[in-house]
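The block underneath contains the structure these notes are about, expressed in structure tokens.
In order of appearance the chains are A, B and C, and numbering begins at 1 in each one.
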Amino acid sequence: MNIIEINNLNKQFKITIRKNWIKSIFKSEYKIKKAVDNVSFTVKKGESVAFLGPNGAGKTTTTKMMTGLIYPTSGEISVLGFKPQDRNKEFLMKIGLVMGNKTGLNWDLTARQTFSIYQKIYKIPIEKYKSRLDKLSKLLNVDEHLDTPVRKLSLGERMKLELIGAILHDPEILFLDEPTIGLDIISKQNIRKFLREIQKDHGITLILTSHDMDDIELVCDRVLVINNGQLVFDNTIDYLKSNYNKDKYVKFYFDSIQDLDLNSYGEIYEQKDASITYKVAPTSLPQLISSFTSKNNVIDIDINSTPLEEMIKEIYEKK
Amino acid sequence: MDIVIFTIKRFVEVIFLIVFWGAVSNGSNLDLKTLTSYFLISGGVAELIMINNLPVGDGIKGNVRTGQLSNDIIKPISIFLAQYAAKLGSRVLIPVTSIIMIIVGIILIGNITLFGYLYFFIALIIAMFLSYSFNLLLGCLYLITTSTYSGITSIINQSIKFFSGALVPIYFFPDGLRQIIEFLPFNFMIYAPTTALLEKSLNNVIVKNVCISLVWSLVLLVISIYLWKKSLKKYEAYGI
Amino acid sequence: MKHMGFKDFISERWQIIKINTVETFMLQLSSIFENWIVLITSFFFVIINILFINVLFTNVSTIATYTKDQMILFSLIGNLSFFINIAWSADNMASLIYGVNKGDLDLILSKPLPSLFYVTFRKIDIFLFVKGFVPGAIAYIVIIKWFSLNITFESCLAAIVIFIAGQIALNFFQFLCVIPVFFRGSAEQLMSLSWAFEYNLGRMIPLEGLDKFFRILFITLIPVMISTGLTTSVLLNKSDLLLSILFSIVVSIVFILIKILLWKFALKNYTSASS
């Protein structure tokens, strides 16, 4: 059963160009920007779907249209059988939204106070609310922070509480917009683990946007890659990884170069003053490192998987 | 666009004062022309020295709220001075309207001596320092309370307006009250520069006024800078 | 869509008002220092207002047919209007600007709430009203010589109705000044323009002090004088009671309708601050 159906969705923004301030008093000039360009896809119940794309690609805009925050310029959206932009109450009762860079919790109140307001807004039965809050806060290890004013909490703690706030009412779909942005590794991992759990246990459908590949690998089954407003890839995460995320990027840092024939080690991806990056298959990784370090005076090594931009470039090339 | 709105606002305020005094003077023999020139000049002065609505101090409120202040604190600049400069820069057209208002007022008065202009200029500079201190003090308030209540600025503002002569020329006050007000710092911000234009030559009252206002501006500057430094320490950079 | 009964409609809104009042109250308790500042500054402000009127009346005998006591009463009603307005309207409208720019509105819109109603009553600050208005009101009540004023029971009732209508109108006017934030991204200057009107005209010149054109302008297009000038005028039996009531009710209903339409239009054009 499809709970989200999107057909030829478009969103255009008018951007004011400020050139001449005298002119701008009387008349503004506009430029049309296509934030979302003819996107179509469907999501089934219980799926965990990620929107992947660089900044400004249109993932957040798509999410905002699915939650009814902004009106589409054209195209059809149906979420849970509703038109999101009608902002039907039954619809809003069934969704939750977390935004990594915005706070839904009131700065000056404690999280528990804000949650008790949510309890009334979403009309959660009081018993259910209590047990659920108890369970969730233990699970995320934040029960000691429930009674601290939100402004005194760290970003990681706050994010966890935001997350609790968004799922207290047991939504059918949870939208997450860059939920781990700015967090440390441990907090990120905790949140990812938690998201996976609630998706598996409660059957919540997760829609996540991120530009962090790791978020997506650990939480989602399916990836939609968006670039310049267009949907360029729609498949499982395993497919993406096995087809596009094959190469490793090895970066060597050094003081000075002893061996001048750098090309002999493999394909050079990038070269800067004191560093050089090679693009290699994982199998030939150990050999590259040993031969390079034996001939050059290496200070440090970084090994990375394929950057997002490369992956998108590759997707385009394969098309 | 904001500039247009601002000019309208300024215009409304001056018109209001004139209408108000028109209503007041209906039942008496107050001279409307003198009052009009008074309010044109005092309105211009208030805007020039940035005492009207304490824009710099009020700006701190917004910056605390958005967390912008945290960004500024880490920069190797004097935060408040930077704020002051930024406000001056963003209000380019406002001094122009203010100066036009002052010029119209001067034309209405007519017959101003060179000494009048000189004294006006000196009083204006002293007023600027005083206004700087008041802005700074309001900024302190927003640092330590992290208040979001917009009424406080309005109330402080109205009080300053009342005592500084922006609402009523101080010579209307009954004697006892007037003598008190003449010793307070407020009247040196608006009333003193505005009436300075009417002075013909140096006299004891002027010397006295300049001395008092200089003392006030020094004292207030020291106090406000000290408090500002203290409140910065108290400021909790909340947010990210 | 399921049809929602009138009872549900009311009870939901009542819930919101209750929740927001409690929330604001909890917020206010957290800043003791600020409470004292508000109390002292606003009391001081009342004293200044009374002084101001006294100063005026040393120079003239009446202002626009108002005697000194009538002017002080006008000032009292202006103060009441001011504090009621900031307790429920001005701050909410100001935070709407912030909400649109910083995207906080997103999180309100994604909750099952009647959004316009919620945004309008986001904060209801009874405590602010108490600490800001009450101490000053006592001073006013002590100073005014009540027996010299021509106040009747009917005029009192009429004044209350008109005052409420005036508050709705004031809120509408502030809303009108804030709504461009959806299209231009800023509205601070317009907001301060609305303040300038409210402060200067609404609270200092009696309705009778304006000529006919301005009198009509400031109770219709720029409705800052309904809850102050018109209310006082009616309370003192200086204006026709029934006509004024009828007028203000019609005006406030029109304002509410326009407000709802504008909100729908604004949400259609809402672009939501990018991350």
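We adopt the following convention: a residue touches a chain if its C-beta (ideal position, glycine included) is under 8 Å from a C-beta of that chain, and two chains touch if they have at least 3 such contacts.
Since we're looking at a predicted model, the values are computed, not measured.
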Central chain (by mean CA position) | C
May I ask which two chains are joined by the most contacting C-beta pairs?
-> B-C
Would you kindly tell me how far, in whole Å, the mean C-alpha position of chain C lies from that of chain A?
-> 43
Separation of chain A from chain B, taking each centre as the mean of its C-alpha atoms, in whole Å = 49
Distance from chain C to chain B - Cα centre to Cα centre, in angstrom | 27
Residue numbers in chain C touching 2 or more other chains?
-> 102
Which residues of chain B are in contact with two or more other chains?
-> 1
Sites on chain A touched by chain C in the complex | 13, 55-56, 60-61, 64, 67-71, 87-93, 95-97, 99-104, 106, 108-109, 113, 117, 120-122, 149, 175, 177-178
Considering the complex alone, what residue numbers of chain C touch chain A?
-> 1-2, 15, 19, 23, 26-27, 30, 102-104, 106-107, 109-113, 115, 267-272, 274-275
What does chain B use to touch chain C in their complex?
-> 1-2, 5-6, 8-9, 12-13, 16-17, 19-20, 23-28, 30, 53, 65-66, 141, 144-152, 154-156, 158-159, 162-163, 167-168, 172-174, 177
Per the touch rule above, chain C residues touching chain B in the complex are 31, 33-34, 37-38, 41-42, 44-45, 48, 51-52, 54-56, 58-64, 82-83, 86, 90-91, 94-95, 98, 102, 128, 132, 184, 186, 188-190, 192-193, 195-197, 199-201, 204-206, 209-210, 214
